[in-house]
Each structure stands twice: as structure tokens, then as C-alpha cells.
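There are two complexes below, and they share chain A, which is joined by chain B in the first and by chain C in the second.
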Partner chain A sequence: MLSADEVAKLVSEVSERVITRVGSRSLAETLDETLWWEQERLRGQDPTDEETLADKQFYADVHRQMQHATPLEQRRLLVQIVDRYTHEIAGNFSPTVYKFAAKVAPPMLSALLTGLSPRRLFGREAIPRLDQHVIIEGETANLETLRERGTLIVTPTHSSNLDSLLIGFAVHELGLPPLTYGAGLSLFRNPIVGKFMHNLGAYTVDRRKRDPLYKRTLKAFTAVSLEFGQDNLFFPGGSRSRSGAIERGLKKGLLGCSVSAYRNNLMRGKPNPDIYVVPCTISYPLVLEASTLIEDWLAEVGKSRYIIVDDEFSRWERWLDFLRGIFALDLKIHIRFGQALDPFGNPVDAQGNSLDPKGRQISARGYLQVNGEVVEDPARDAEYTRELEQRILTEFSRQNVIHPTHVLAFACFELLRRAQPGVDLYRLLSSIGSGRSEQSLALPEVEEEIEALLEQLEQRSAAGQIRLSSVITEAITNDDVAVLLRAALRSFGTYHPKPVVERRGVRLHVCDAKLLFYYRNRLDGYGLRDAPALASFASPGGARHV
Partner chain B sequence: MADREAPEYELIRAPFPMVRKLQRTLPSDYDGPAFIWDIDKTWLDTRISQVKGMLKIPFEFAVDKRALPGTTALLHALRGGPSDRAHRPLFFITASPPFIRKAIERKMLIDGVEFDGITYKDQLEVFRRREFGSLREHTAFKLGALLLLAQAFPERTKIYMFGDDAERDALIYCMFADICAGRLRGDKLVATQVKLGVLQHYARDVAALAEQLPVHERVLGIHINLVREPDGRRVLGYDDRVLGYPSAGAAARVLYERGLISARGRDRVEQVEGAGEVVFGQAARDPKGWWTPPDQLA
Partner chain C sequence: MSDEQTAQVSVLGAGNWGTTVAHLIGQNGFRVKLWARKPELANEINQLRRNSRYISGLEGVHLSHNIEATSSLAEAVRGVPLMFIVIPSQAFRSVCEQLGELVDPSQLAVHATKGLELGSHKRMTQIMLEETCLRRIGVLSGPNIAREMIEGKPAGTVVASRFPRVIELARDHLKSKQLRVYGNTDVIGVELGGTLKNIIAIAAGMATQMQLGENAKSLLITRGLSEIARLSVALGADPMTFSGLAGIGDLMVTCASPISRNHRVGAALARGMSLTEAIDSLGMVAEGVKASQIAFELTCELNIRSPLMHGVYRVVHEGLDPRAALSELMNAAVQDDIDPSLVRAATGSAPGTGSVSRGPHG
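On to the complex of A and B.
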């Protein structure tokens, strides 16, 4: 992680880079644009909020000074704005807070969660540890070597605001230094973790700011931090998957920083210029914010909220319920690292050499050279970023770890969908409904469907197209659907306020159709059981991030 | 009458105050097995029947409740039947009060114990009626709950019962078997209950309910977990249809031989706990009073 001096240098470099790029446009035009977007944003903010008041004052001053400003003064105003943006974005990493959090948080969390039972709190029973519930797996062996040879960008799937905390835990467990990452404003305002976010390496991403200058500053910040050798964490899907599906499309703006940082490193003759992109999946049997996310996905386009600040993540009691469920039910969250890639989407070997599809070493530098010189070419780089996107998506699909909740939800949803052919998704979900219109399925019918699904999953898993959790593997190996059903039903019956699916006698009742759909979507887009892709949109975020 | 707070539960006041949830209706031509289990000391290692155990209740969460070794696997095996997929009927009757139903049913969910019905003794109602002697005396409650279940079952259902020797489970189950078969009814049933400490009015209500049940041999097996006397001393006074088991594995071996569970189900139970051998009752079968030992009858 960068020192305070390095952060100051980084901030100054970002400002300089952004201002230089603005140079080609009219300064007045850029200032006007910023003022318009910012005033537009501030109009919708709480007028009593201190931050809003300060912003209003600042832009009122800029507006006043702009009236008769010379080009030199206009430039000074622009520098002021960019500096303000950069300082707001920049984190304030504290090694002390990080070390303290890494050491104390996991055991404290474990003790707190298991200690919620007085008997356990005062008894002599062993308290389960966090590392027993977070499985870190996949291609982790070479990460340390790659880090020494270049800079890492870890690019995980994104389902929950817990993701960045879990990746932080995984990175610490793997003995790697902390990553810096862009965290949404909602995380900083979160009453539970907000206070520590900056100190743990996060920088702020305020998605309410639509000003192109802010976006350029943000992108420059990421690129420069990479050029400074700071390992980064990007959520390439942009925001949390609203539908529960894994991403089928990525935001290429931020991803493109990998090519630009590599190019700049080469052009400046940096000693370790390589950039390695490490795709990674985070698979939860239960998702903390599932209810809010799926509600949002189902809301009509245009009405859904891109920024959610009032979801389960901001409520203590939901955290406790969720984490207690994870501990009490012995659930596992899988963090699975995929094949590391160069900025052009080529896989790299243990030493960080780029490989072609036949496994032969190739020169990554060659991708950026024209007549032996590294040159800047935005159109070419955008094409490379598209290649990288495709490779990351392939890895997401391959490293997606399936849990019993996903299998049961998929099986139930398929049976209900097939029973009403031709009905669109929204009508189908409302027909499954809840309360009086709650639908039920005969257990043997569900078991048969799960068996057929497991057969296909086994084939996909053998072909390396998907990953299966240990419970599913056990169910397949022992030809025992019951073990999977039990695991799924206990997960569904414990965390969410209403069970997603509940067994009553020999029937399974769907008590929450939306959540059934949400968990089903983790298997969406694989063509299993001839099911249509209902949630895997090939748009940024892969899961309809409106 | 449904519980207003939780409509899936029925509040039953006669023949004894109890709260019941039934989630499955067996088809009228069903002639397969149905299993009826006690909870305290038969499935869970709890002592709800004792004052100390009752006092612990508010401090125990579902995750704290421990199943007796191998019993959860035995319940899975019975539910699965010889094919592992039979979903055979499984019901619980417990003297635990209904206010801990959440913890018990959550424990069932955590352990994957599928049940079709559960009956709790309404201890609060008994307390409210100031019938303090009936708080720890379970005969009328258990007989009443069993008779109500038998009424709900198709006539040809084969009932297999599971209890423990910490209380009078063997005796109560034998009485129930005799009631079903028509050998223990009317005044004799009332007097026997009273002898065991049941209040007159409960004894009469149980006997009245028994009269409504068509006479039919329904009970095929009684299985007693030997938690108090591992040598099975308490079982010897019954006939050989009463079986005492020192471990879930020992019971599983017999249940497999009788075609009630699969080999895989048996093996899974034995993996956890398989020590010891079962003990069969040694009293002679007497058509006029077998199962219920004569010295227990009034």
C-alpha cells in the first residue's frame, strides 16, 4: 500500500493528467459542463446536509468567478475542481488500522456470532473460525510471484457489499499486501463499516456524480495508482448483480486502465511494468442483500435505483442474522481465483509470461508496439479491452461455484415455469406469489428434477465449465439428492425473513417467488435443462444494472 | 381451533391441552408404516421433562440442542425407507411446551429432519388450570395425542413408535397398542390411568376418545432408547414386540433386517454410533393383556 507521500504524489499526478487532457477542449466548455452536472446533482440532495452545503458554496464561487475569467483563471478553476475530486476520491490508508482489522476482526466476528447463544458464550465449546467458512481456492499459488513481477488487478464477481471485505480477508490469508479499491459512497456511509473504509485502502466512487470530468478523474486515479505499483481490486461488473446471475458483460472504462497503465509503464521504462488481471468469483449460498437486489431488478426499467443505500447491508440485525446463518449452518462462501491474464486477455504462466492459445510464450509488449515503439492508440486499446472482457467473463462462468440453494431454486423455478408455458416472467412470478397464492410442488417431483439437473451439472463440471460445492459433489457421488435438499432447505429457512422454499409434509412450498428467481439465476445462461436465459443480459454488469 | 398467532398450529383442549401441527394427510388406502417419535432423550439430548431442563430452555438456541448420537441419521433412514426416497410418514409427540417450538423446529430444519406433524404438551394451559401435578405427568397427554393421530391415520397404517426408558414411554406405548386393539378401554383404561397419576377428568376424556377408534391392531413395533438402564432391565417385563436399544446403530441393524430402512441408511447410522445389541421384551404374549404388563393394569 502507498505511503502518505506517495498518495500525495499520486493525487498530484492525477490532477495533472486530467488537466492536460482537458487542454484540447475549451476550458470554458468543460467548466460549464461540470457546473451543470454538479448543480443538477445538488438539486436532488438533502439541502441540510453539510457536505451538500459545502459543495453548493464551492460551485457558487466557481460560477461567480467564471463570469469574467481569463483562460488562465479558467484553468486555475478547473485545477481547483479536479483537485477537489481527486482528494475526495483518494483514500487514506492506515497500515495500523489495516493490521489491527486483519488481526482482530475475524476472531471477534466469530466470537460475536457464535457467542450469541449464551450457552456457547459461557461454555467451553470451540468457537468456529471465519477461515472455516470462507474457502479460498483456485489458482492462488502464483499470485505472490506475479505480484513481485508486476501489479495485480483482482476482478471479482459482485453480489454483495460484503465482497470487498471478503476479498480483503482472502488477500490477507494468502499473504498478499492489501489491495486498493473503489467503493461506492453507500459503503462509506454505512454505519457498520463506513468509518474504516478509507483506512482499509478504499477510495470513494460517488455514482451520483455524472460529470464526465469526475469520471475521467476517477479513471485517471485508478490508472495512476496502477502505475504506482498499487495492486487494485475492480468490480468489473460495475455494481452488485441485481438479478443474482453472474456478470455477462463488463464495464470497459475501468477495465481499460489495465492496458493504459501497462502502456504508460512501458513508455516510462518502469522496472516492473507488467499488469496481471486476476478474475475471481465470490459464491454465496445466501446473499445478504438478495431481497433488495432482486426487487430492484424487477422494478421497471428507469425506476430502479442504481445506488442503493438502504439495503440489508446498512442494518446491523440483518448482518447478524446473515452471519449467524453462515456459522450455525456451517455454510461456506467460496472465493475462487481464476487464471491470471495479461491486459490483452492472454493467460500468463507462473512467471508472468503471456501465453498464446497453444501455450507458447509471447511478448505482451508487442501488442502495443508499432515499428518497435510503444505507441498510444485508443481504438486499438479499446479492442484489447474487449478481448480482456471476454476472457474474464469466460473465467467467471468457469469458476462460478454452485451451492445447493442455487440447484433447488433452479429446479423449483423450472417446474413452475414449465407448468405455465408462454407466461412472461413478471406474470409467472406474480402467479407463484405468496400467502394464499403460494404454490407448492411434490417432493418426489422436485427430487427427479434435481437429479436430472445434477446429471447435467456433473457433465459441465467434468468439462471445467462450472464448479460445484462439496455438498453437491457429495450428492452426485453418493447419488443422494436428499443431502442436497436438506442443505438447501435449511439455508432457505434460516436467514431470509420468510423462507424462500419450505417443506411441509411431502410438499415444497415456494414462499418467496422473487428470491427463488434470484437464487435460480446463479445458474442462468448455462442452458441447463433447456431453460431460457432470463437474467443474463449481455450488458455491463451482466445482470441488468440499470 | 387454530392458534391466532401461528395459524398452522391447532390448539386442542380435549382430551388434554396440547398444540399440534399436522402437515400431511395420508391417502385413505395407505397401509404402510408411520413412525411416531418422542423428542426428549429419544432424539435430542435434552431433559425437558425435568425441572432443571425446563429452566435451561430460555438459554438454549437451536444450535445448542444436541441430537443423541446417530439418531438424526436414523430419522433420515426411516424417512427414506428401503428405497431412500419413500418419504415415509414421521410424527413427533413431545411433552415440551409450545413456546420452544421455534427452537425445536429450527433444530429439525438444521438437522434436515423431515416431519409430517408434531404435538406439544400445552404446559402453560395446564399451569393456568392449576393442575400442577399434570405438569410432569405425561400419560394422559401422550395417550391423547397418540389417539388423535391414530384417528387421522388410515385404518391399515402400521404404527412404529420410538421412545426412551427415562420415562414411561414403553408403558404408555403399550397401553396405546392395547387401546387400538380393543384390549384396554372403558373403565379399565380410566382406572389404569388414574393408578398412574392421571387426573380423573383427563382419564375419562382419554377413554371417551378411545371409544371412537375402530378396534384394529395398529402398533407393530415399540423401540425404547436405553438411556437410563443400558442393560434393558426396564424392557424385559414387556413382550418381544418391545425392543430396547443401547445405540441408534443397534436399532438400525434390526430396522434394516425388518425392511424398514435401506442398507445405506443403516450404514450411515452405524458410522456415527453402532455399539451394543438390542434387548427384546421377555414377557409372554397374552392375548388379554399383552404388552401392557399385568402389574401395571388396574
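On to the complex of A and C.
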């Protein structure tokens, strides 16, 4: 745990690092750039907002002083800006709050989540417990040892703003101290959880700030906090998956902090220099913000909103409905930890030793050495980060836990897609549920498709390429599709305003095509049933065509 | 560079090209270890300064005195910062399996093997990554006829790696007044260029034997390059690589030179020999024979039009008469001169696999 002194050191180290890097560039150019981006941003803000006013005043002053500034004065202005950024990012990242967080936040979280249950009216015994609905599984046994030997970076998939809360809960359940992570301003301002974001070890990320200097400061903050031995939480996909698919590409800027922190630790002779990256999947049978996210994905290519402020996550009634659904139907959210990796993407063993592809112990620092010395080489490290990215993505794909809702959505979508070959995705989606016959499917046809899908899923699961939730495993073992179908239909009927799929007699009706597509996408990119990858942007041309 | 220094570089594989690479490095004044699987060959190189099995007919040329041949892989590999791996493609994995026990992460490696693994269709760098802890790796490829290099004639070559340090260190050892070493970051393109050109070389051998003339040879080379590029881009290569030494450069020399092994196999087939007879008459590996099978499988799987490579496959592996193959080619439907998939790739809408991300540090 960091002392108040150490936090101050962390903040000053961040500022120093950012400013030294600017050195080679023209100071005036950097200042101009910051002024342009910040003033541009402030133009779009509510002019009566206190913070906006203060920012405007600050940059007006900078602008005025810049006119006739000597290089020395320019440097001073830059220091002011970076310090301002750093303090804003650090926010309430104070040791007292942090210590408090370790003790209080997880129970608070549990109370918050369970307290919202409608069953609280039935007395204490009946309060559903969060731990009964969140399954923490996978390679959790070594995390404690790894944390002692080095610094952890937990890198989960990202579907919902609930993710960081659930990881906070999981980390507490595993007996580990809270993780440091960057949370968007919108989370801090959220009426439900905003109050205790800081308590979860969060620092502030303001995604509206597009000034490159701000981004550099943010990255330096992460890197320095890692070097100070703070275990971190990164969402390496950057933002919540809009399509519902698991990540097929990651943001390498933040991820690159793992190798740079390791390198700096080695170069400075730090006692526990190792950095361990722990990929992890969070798999929901239903996703709180599904409707907003898929709408956003379907919005014209490239025009989707990066920041969504006003979604289900900020609305009490949606939380209530969501939790009511989870508790009432006894649904399980799976948090599954994967193979821990070194910053080069090599697996590590229980003691934190890096392993080569054949499981032999290797000395990973060699990857950074030239003639026996650890040296800096940004191009080399970028390449290692690219390889780390691939390993995390593979792990995501393997640790993805499939729920009945995904299976049913995939099967229905496949049948509808095949019925209209060559049709554009948008036309296909708009043709479903618009009163035409395509929206309804014969039950036996769906069951047959599910059976075929399950057969493939069973093979993939046996080969360790994907994970199946218990309901699905049971359906496979007992050769009983009906159980799975029932579970999926119940889930689909419970939380979303319209049931995603509904049974009417011997037919299934798709009532919400977009959500059907969203839940189907969790199985996208596996090549199941010869279905094309629809949610990935990787292949040009074909991405949005069926 | 004095004789007392221990070698800082090694070459694994003492065949025709491996011996040549070691010789070039030795001539630049670097001590170099050369691993030969057979102790007799290592002895011959150390004592007589020659490699009669793989480099013959060069009377008066002695191999560099800086070469220390050894038949112990461990001795060749341990503690050496840089190694060149020059092993035939179908033996590549088994050598890498042994290497896995010997190497450590601080070492750099460049392979100079032109071929893909049968069955898995894997590139040599993929095999290195699967079998060893080596990460800073690359590939050496280009229009380099070993005999001309040994004779000291000028040439250019390409080292491709995602790691600048690999290119730098390999270049430091290879470059000389005789050899220009160019860098490239497109490992996939350079590996595939070097591999797939061997198929076209077989066709060129047939064309030469059948006396089809220079126009036909040019047609063959350019259409061949187009097929190579099309398949490679689909596998993640950068189309621009094929305008370089490892692309058109390598293809031109293999098709023009009658001493190239693949060329000789093609000529033998056109003379009416069977594949076995053709290979026997050569006494060495002709990578194009296996490459044609792999390319056939890959293009079918990816649904890529490759009439020329398919023609070679059918002549080599299905016993089709080269004259029949020629007439089929000449009668096939004519497409655009520059394939649309290449135009797309060249103008920036390339598939994600081929694009180079700038990474966190730019």
C-alpha cells in the first residue's frame, strides 16, 4: 500500500516523465496543440458549469502568458498544464481512501447489488447473495503468489459498466487488495455508483480530453503506478464491446505499459520487477446496457459514440429490473481468469517463471537485453506488445463462457440469415420483427439448429477453445435441448423491455432483432455452423454483409 | 576482428547456402560457427576448407578461415548473440525442436530457408515461434545464387524482421563491398516471396526446355509474380514487398538462371522425365516441388485463382504433360493485368493482418 508520501512521489514522477519526453519537441508547438484541443473541447461544454469556467479561465491565462514567453517561461507553463492533468487524473487517489477501499468497498458493493433485490422485503434470510450469482473460476490459485512476486495487471473483456464493480468484488473474494484502474468521468458522475468509485481504487479518465499531452499523461500515470507496485485493472479493448462480441483487437497504448514498466523496473534494479498480465472474461447471460450498445454499433460505421453517458447504467429502474432478473432466474455471471502471462505474452508458472511454448522455464529479461544489458527500444517493445495482444485475445476466446441466451440467439439468427442469403445485415435486421413472416420460426427447426450447434460447441469445448455454462453442459450430457431452450427463453423474457425471443405455441417469435444479433455475437468469429464473422471489423468489405 | 575472439555468430546448416552464408560472414572478418549435422563434413570444412558435397566445381576457392565447423548443435548455439538458420524446410521443425532446449531469450535468429511446412502450411518463422523461446527473429531472402556469391560477384539481399535490431545485427555481419543488405518489416511477404517463386521457376525450366522464347518467359514471370502476390496478400503480406528484391528480384534470377535447382527440375520434366527421375538427377532438394503442393492446397482453401501454380502442380504431382498444361493456360480466360485484390491492398484497404500498427511508442 502506498503512503501519502509515495502518492505525492508518484504524481511528481508522472509530471516529470511527461515533461522530459516533450523535451525534444518544440515547447511552443506542444502548448499550441494543448490550447487548441482544450479550447475546442470547452466550446462544446455547458458554459455555466463551474469546472468548465475554471478550465476556460486557466487556458485563457495560459494563452495570454504564451504570447511573449521565453523558452523558460514556456516550460513553466507546460509544467503547470501537466501538473493540472496529473492531479485531475489522480483525483481522490489518496492512501487513506485506498486503505478504506480495501476494507469497505467490496462489502458495500455486495450490499449495493444485493440490496437492490426486490426480495429484500422478505427479511434478511431471503436476501440473495451476490456470491451465489457471480461464479469466480479459472486460474485463480496462483494469483496471490504472483502478486507477491510482482505486479498484476488484470485485463478483462468489457461488456458492461458493471464489469469494474464485479472485478472489484472478485478480487476481494480472492483475498487480494483492490486494483488501481482508470474509470471514465461518466462513472464518477453516475448517480448510483459515482460515490464510491474512488473507493475501488479508481483514478479519473476524461475521454472528452483529446489533447495528446493529456493522453501521454494518462499513460505515464498508469506506467508509474505499475512501477510503484500497484496492481492494475486494464480494459484492454478500450471501451465496452458495442457488438456483444468478445474483443478481437486491443488498444496497444495502455497495454504497452506492461513491458515498459517491466523494463524500467529492471533498469532501476527494483526488487520485484515482474509484471504479470492476467486475461479474464466476464460473461453475462444478460447484459445491462445491451440495447444501448447494439444501437450504437449499428449506427453508421465510424459514427458510433465513444462516450455514452445516459445509458441503462445510470438508471435505477434498469438496475432493479436487471438484478431482479438475475436473482429471480438464478442466473450466473461468470468471471473466469485465464492463463497469467509475462509482458511478452509467454505463460508463467505458479511461481511466476516465464515459460517457452514447450513449457520450459526461460529468463524473460533476455528479451530486453543487448550484450547482456537491458536497453530501451520502443520499436522492439511495440512488437512484444503486439504479441502480448494476440495471446490475450486467444485467452479471451478460450475463456469465453457461453450461456443459453447466446446459443438460442445464434441458432435463431443463423436460420433467419440462411433464409435470406446475400442480404445486407441492416436489411436483414430491419426485415425481422417488422410484421413479416420471417420473424417467426418453427420450434423443431430451431431445436434442430441448436442441436447441431451444441455438437460443435461440445467439440470446441473439449478442445479447450471455448467454455460452456452448466446449463449448456447439462443439455449436452442429457441430450435435452428443451431445458436449454426453456432457460434461454426465460432469460430473454425477463429483463429487456420486449422479450428478445418468445414462444407462441409451436413457434418462436423474434421480437427484438437487434438484441438477437447482440447476443448472437458472443459466438461470432468462431466459425460455428460456417457462419461468417459479422461483428469483427478485421475483414474489409464483408464486415457488415451477411 | 582477431582470430582469438570467440564467434559471436553461427550458421546452422552446412548445405550449399548455409556454407555460403558462413563463408560471406567469415570473409567480413567475423569468427563464425558453422553447424554440420555430419561430423565428416565438419572435419572436411575445418581441415580442407571445402564442402565437396554441396559446393563443388569451385577449384581454387577455399572457405574462409574464420569458419569453425562443428557437428555439435549445442556448441554452435550456446552464448551466440545471432544465428542464421539454413535448414531445408522439411527438416526445419526437427532442428528447431532441438534448438528449443539450447537457446535463450536474449538470442537473435534469422532463417534463410525458402519453403513452407507440408501439411500445416506454416512459415519457418511460425515454426521457430512454436518450438523455441526465440522472439527476435527474421528471414533472409533474395536473388542470391550461392555459387556467384562464393565467386565474389556483387549482389543484394533482404533481411526482414519486425525487430529493427535483428535487421541491424544481421546486416552488420553480412554487408560487404560485394553484398548490399536491405531491410524490410514484412516478414510474411519476404518468406512467401522466397517460397512461391520456386514454383514459377519450375515452369520457367519447362519453358526454357520447350524453347518457348523470351516473350513467353516474361509472360510467365509477370503473371507468376501476380499469382505469388495474390496468395501472399491473402495470407497477410504487404503487396509492395513483391516489387522488391525478395519478390520480383528473386523471381527473375530463379527463372533466368538455368543452374537453379527448380529450373533444372522443370527442364527435366519437360524432357519427359518422371518427378522421381528429375529429383534423382539433381541430388539436392528442390523446394519448388513441395511448394507447388502447398500452394495448390492453400489456393484451393482460400479460393484464389492461380492457373500457373495449379498447372505446375498438375505437371509435377499428377503427371500432366507440360504441353497440355501450356495450352490450357493459353486458352484460359483473360483477367485484368493488375489484379483488383492487389490494387485494393496497395491503395490502403488492405486486410487487417497485413497492416502495421505503430504501437505505443510510435
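What we mean here is this: the second predicted complex is superposed on the first by the 495 of 546 C-alpha atoms of A that agree within 3 Å, B and C clash if a C-alpha of one lies under 4 Å from a C-alpha of the other, contacts with A are read in each partner's own complex, and residues count from 1 in each chain.
Everything below uses one rule, namely that a residue touches a chain if its C-beta (ideal position, glycine included) is under 8 Å from a C-beta of that chain, and two chains touch if they have at least 3 such contacts.
Computed from a predicted structure; not experimentally measured.
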- Query: In the superposed model on chain A, is it clash or fit for chain B and chain C?
  - Reply: fit
- Task: Classify the contacts of A:385 with the two partner chains as first (chain B alone), second (chain C alone), both, or neither.
- Result: second
- Query: Can A:358 be said to touch chain B (first), chain C (second), both, or neither?
  - Reply: second
- Partner chain(s) touched by A:252 [first = chain B, second = chain C, both, neither]: second
- Query: Should A:366 be classified as contacting the first partner (chain B), the second (chain C), both, or neither?
  - Reply: second
- Message: To make sure I follow: the centres are taken over C-alpha atoms, the vertex is chain A, the ends are chain B and chain C. What is that angle to the nearest 10 degrees?
- Response: 120
- Once the structures are superposed on A, label A:261 by its partner contacts, choosing first (chain B), second (chain C), both or neither. neither
- Message: Going by the contact rule stated at the top, is it chain B or chain C that touches a larger number of residues on chain A?
- Response: C
- Overlay on A puts the nearest Cα atoms of chain B and chain C apart, in Å, by 39
- Message: Which residues of chain A touch chain C once you look at their complex with the stated criterion?
- Response: 219, 249, 252-257, 260, 344, 346, 356-358, 360, 362-367, 369-372, 377-387, 537-540
- Hey, which residues of chain B end up touching chain A in the complex? 23-24, 59-64, 76, 80, 84-85, 87, 106, 109-110, 112, 114, 116
- Residues of chain A that touch chain B when the two form their complex: 116-120, 328-329, 443-444, 447, 480-483, 485-487, 489-490, 493-494, 503-506
- chain A partner, complex, touching residues on chain C are 81, 100-101, 104-107, 129-133, 135-136, 162-165, 344, 349-353, 357-362
